[in-house]
Amino acid sequence: MGCFNSVVVDAPVNRVWGALRNFHDMSWAADEVECEPVGAYAGNQIGAKRIINGTFYETLVGLDDQARIMRYRIDVGTDSASKDNVQEFVGEIRAVPITEDNTTLVVWTTSWEPSTGAVAEPGDAVYQAMLSELQRSFD
Amino acid sequence: MGCFNSVVVDAPVNRVWGALRNFHDMSWAADEVECEPVGAYAGNQIGAKRIINGTFYETLVGLDDQARIMRYRIDVGTDSASKDNVQEFVGEIRAVPITEDNTTLVVWTTSWEPSTGAVAEPGDAVYQAMLSELQRSFD
Amino acid sequence: MGCFNSVVVDAPVNRVWGALRNFHDMSWAADEVECEPVGAYAGNQIGAKRIINGTFYETLVGLDDQARIMRYRIDVGTDSASKDNVQEFVGEIRAVPITEDNTTLVVWTTSWEPSTGAVAEPGDAVYQAMLSELQRSFD
Amino acid sequence: MGCFNSVVVDAPVNRVWGALRNFHDMSWAADEVECEPVGAYAGNQIGAKRIINGTFYETLVGLDDQARIMRYRIDVGTDSASKDNVQEFVGEIRAVPITEDNTTLVVWTTSWEPSTGAVAEPGDAVYQAMLSELQRSFD
């Protein structure tokens, strides 16, 4: 199962990717997300850790400055994202240049396996809200 | 060497991909391109052939309705795209959904190897013109 | 959910891919599989259909001679693969050259969504058996 | 232009990837390569730098523990890899599980653009030699 959300951001791809690529800084979605870095790794170091809104423990598993892709894993979540409901959660954020007007498509995909409990559905609305905030931050 | 061009098309991804996926029909770029199907294969059959503007002999090498990617090869070209100038030319057209407003990003990438002759540069302008026409065809 | 299985086949990649790329011919796994082509499309035409062992109705959704990847979908299955148990089943077969000795790695991945019924688990054993037969067919 | 080389390594993918993923440690190819870490970044930090055999200045541009892919760029080289001969050099090392016997395929691809000078050809032999040494290190 998974989500697929995407928005056009009105800024060149290098500026947008520059904001997205730091795993420890989600200030581009500050209205939706409190991002607390944890551990010794920097935000561009594979294995870096953060806690989102006090409940989701996430690890950076992939970062590619050439393809402009970030991949992360939720290790522990609560409520709808708890291990009873969701497993092997992986998220991916990707930035694609739009050459016609030098803007950027940002694509956020997530996938997970439902567990034996009731199936939780981290909804598109959550990702769309964060992407909309990213969009506004470049207006 | 290669080109990368992309535009936003104001239509849902399935409609846009539906127009792009037929290797034998480039009516979406009719102002720029005359596309002549040749051979016995259909436009969705791997190995299908076409001649573009009477000079480029192209073969369909990949088509994926799930990923929405078409890949093709130029076998023989003339002038700037002749074998003396360009080798191993591969083009890829990809359609990506933009969920915020149910439109579509179309990305056209090409790559080739220069030959021993003077290096030809099939320009971004050519691809951008075809993509702009695709865009207008959905207005 | 999904399976990942891979084997080394003792033949050059072009020969192995040549056997795999025809969606209507699974004679390389004849001990395990009866493959019945249906519909008007050829085995290299996107949208081609086949019935496996009388029970799985499958459609070719992607074929790429350059990347050497085939992708297909199960539309209707029975028993453990029925719609009550499994949804959005997609399989992918890929051939990768092993340059050290001019042989080939074949990778078969599958993914699906469990439905509300008891979760079926099309097992690794099934795919490994077919890949082993492919392997023997090139010995 | 580019190279494609691959070998089977007789060890599970996690052990092999564990050896490959540290950009600052090429001890698995010590007979061929002297790898000198430079700069403040760690070997798993995107942007990490190293000098190979005193002549190639390389930067880590991508690392993915899930897909098991490392991507790097040569910034400055000498002789056949100098800017006069080669541009936009990118290398990629990938580890793929072979499930039939729990071993690993390692694939090393490189690509670059020839410059205006005589075209240099960093040969397959170089990469094959390093991969063979990796292979022996797990025997």
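Per-chain numbering from 1; labels A, B, C and D assigned in written order.
Throughout what follows, a residue touches a chain if its C-beta (ideal position, glycine included) is under 8 Å from a C-beta of that chain, and two chains touch if they have at least 3 such contacts.
Please read these numbers as outputs of a predicted model, since none were measured by experiment.
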| item | value |
| --- | --- |
| Duplicate of the A-D contact set - from A-B, C-D or B-C, the pair where over half of the pairs recur | B-C |
| Interface residue overlap between copies chain C and chain D, same or different (over half shared) | same |
| Approximate Å spacing (C-alpha centroids) for the pair chain A, chain C | 32 |
| Residue numbers of chain C (touch at least two other chains) | none |
| Residue numbers on chain B that touch chain A, as the complex places them | 4-8, 96-100, 105, 107, 124, 128, 131-132, 135 |
| Touching residues on chain D, where the partner in the complex is chain A | 21, 41-42, 44-47, 61-67, 69, 71, 73, 90 |
